[in-house]
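Each of the next two complexes has chain A plus one other chain: chain B in the first, chain C in the second.
Entry: the complex of A and B
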């Protein structure tokens, strides 16, 4: 479900917070089934703390190190997502959100 | 999650050579590593400084099993497991005399990097405290950065983490198993992108039609008020 959900967000600006406390803002360019994320036009949220990121335009983030993904509120219909998630939980063997 | 010092270079073949080898397996039965990209004349720089100074310039091998770097000058190198690489990127700036490079962050215990003469392992109770381990690969040929980045992306995607495999067994329905599908927004694929977006929306929309009525009460309690919501309510009233 969330793989499909992230696919609908491609092209939007998101902020990814990693488990090592680094937060990166960028445009979501791609996502795969393991929720590995590629971002474009990135900048570290706290530039002064992470100067090494300033030269980086795009990056690949391993899905397992992501703590949160912050999304634009306007891009998400929470009721829709709630509902889809509920249905997904009720269909453990046939869930397939293509 | 390991970074290992190596003293011999890896035996690598290209994917095409690997296909031929599979048809005619070598007598020893040992398959060399399949490399997605090999780049010579690369320097490695580790922050905070560790044993990179002693490795010197060498060749970067982006293989399907590990990321290898080996220097023939010093006969030493590194073997890095892909799950250790939490992020990789292309950095185009020139900082401290180091030109454009592949910037990577590694998920290992910083203090273990300083013991340079043995294999290094992550200790789970000792994750990066405030330090982040960065490893930069600076090729002499700057135009190779895109290819190295793509090869890194392909090989990193071959190693999803175990927690994913355990939790989401029905993820297999989303992807293709072996062939990791990247859904991207490449300019030529705009048509496809909107189709994908529309397919997802269509699926989610179909859910809404069926269950909107039963969920109204819950939504009034828990969801924020948005215009879209009011529209949904209107649909239900019709």
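Entry: the complex of A and C
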């Protein structure tokens, strides 16, 4: 479900907050089933928390180190999302007995 | 030897699993406790079996304990931040509940 959700956000600018308190803003270029994320044109949100930013323009972030992803509310169709989540409960797309 | 030791529900609606209770909170405001002394309050738009969630209009509260080494006092502060739409990764979630109200 969230894999598809992120695919609809490709091209949007998002801010990824990692478990080590780093916050990176960039344009979402790619996502996979593990919710690994590729970002382009990245900028540090708070320079003090994110060193070595000059060397890096694009990055690959392992899904497991993500704490949050901040999204523009305008990019999200909440009704569609809620509907999909309701259906997901009946029939999970990754494994599941039903 | 094929014995049914578990009574699996034939009708999905007969028994409610914990995730079904979360399902009832869709489009409602909820309270989420996360690892790292963090709490979120927001509107639940989506969730999955890992407890990954998308929350709207969310307020995050981070609790910080500062200790004054000289006076031995503990100062408890909270830092609040807000987001209009936030994806939360499930592996940080501890609990999910309707908002805690002091009745």
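By definition in this document, the second predicted complex is superposed on the first by the 88 of 98 C-alpha atoms of A that agree within 3 Å, B and C clash if a C-alpha of one lies under 4 Å from a C-alpha of the other, contacts with A are read in each partner's own complex, and residues count from 1 in each chain.
The rule is simple: a residue touches a chain if its C-beta (ideal position, glycine included) is under 8 Å from a C-beta of that chain, and two chains touch if they have at least 3 such contacts.
None of the values given here were measured: they were computed from a predicted structure.
With both complexes superposed on chain A, which partner does A:38 reach: first (chain B), second (chain C), both or neither?
first
With both complexes overlaid on chain A, does A:56 touch chain B (first), chain C (second), both or neither?
The answer is first: A:56 touches chain B but not chain C.
Check the residue A:68 against both partner chains and state whether it touches chain B (first), chain C (second), both, or neither.
Touch status of A:68: second partner only.
Just chain B (first), just chain C (second), both, or neither: which does A:5 touch?
Both chain B and chain C are touched by A:5.
Tell me which partner A:90 touches in the superposition: chain B (first), chain C (second), both or neither.
second
Is A:30 touching the first partner chain B, the second partner chain C, both, or neither of them?
first
With both complexes overlaid on chain A, does A:22 touch chain B (first), chain C (second), both or neither?
After superposition on chain A, A:22 lies in contact with chain B alone.
Let me check the overlay on chain A: which residues of chain A are in contact with chain B and also with chain C?
The answer is residues 5, 35, 63-64, 78, 81-82, 84, 92, 96-98 of chain A.
Going by the contact rule set out above, which residues of chain A touch chain C in the complex?
1-2, 5-6, 19, 35, 63-64, 66-73, 75-76, 78, 81-82, 84-86, 88-90, 92, 94, 96-98
Which of the residues in chain C end up touching chain A in this complex?
8, 12, 19-20, 23, 26-27, 36, 45-49, 52, 54, 56, 83-89, 91-92
Taking the complex as given, what residues does chain A use to touch chain B?
Contact set of chain A toward chain B: 3-5, 7-8, 10-11, 18, 20, 22, 29-36, 38, 42, 52, 54-65, 77-84, 87, 92-93, 95-98.
Give the list of chain B residues in touch with chain A in this complex.
Of all residues in chain B, those touching chain A are 47, 83, 85-93, 95, 100, 103, 105, 107, 127-128, 132, 134, 149, 152-153, 156-157, 160-161, 163-164, 170-171, 173-175, 180-185, 193, 196-197, 199-201, 203-204, 207-208, 211, 215, 218-219, 222-224, 226, 228-229, 232.
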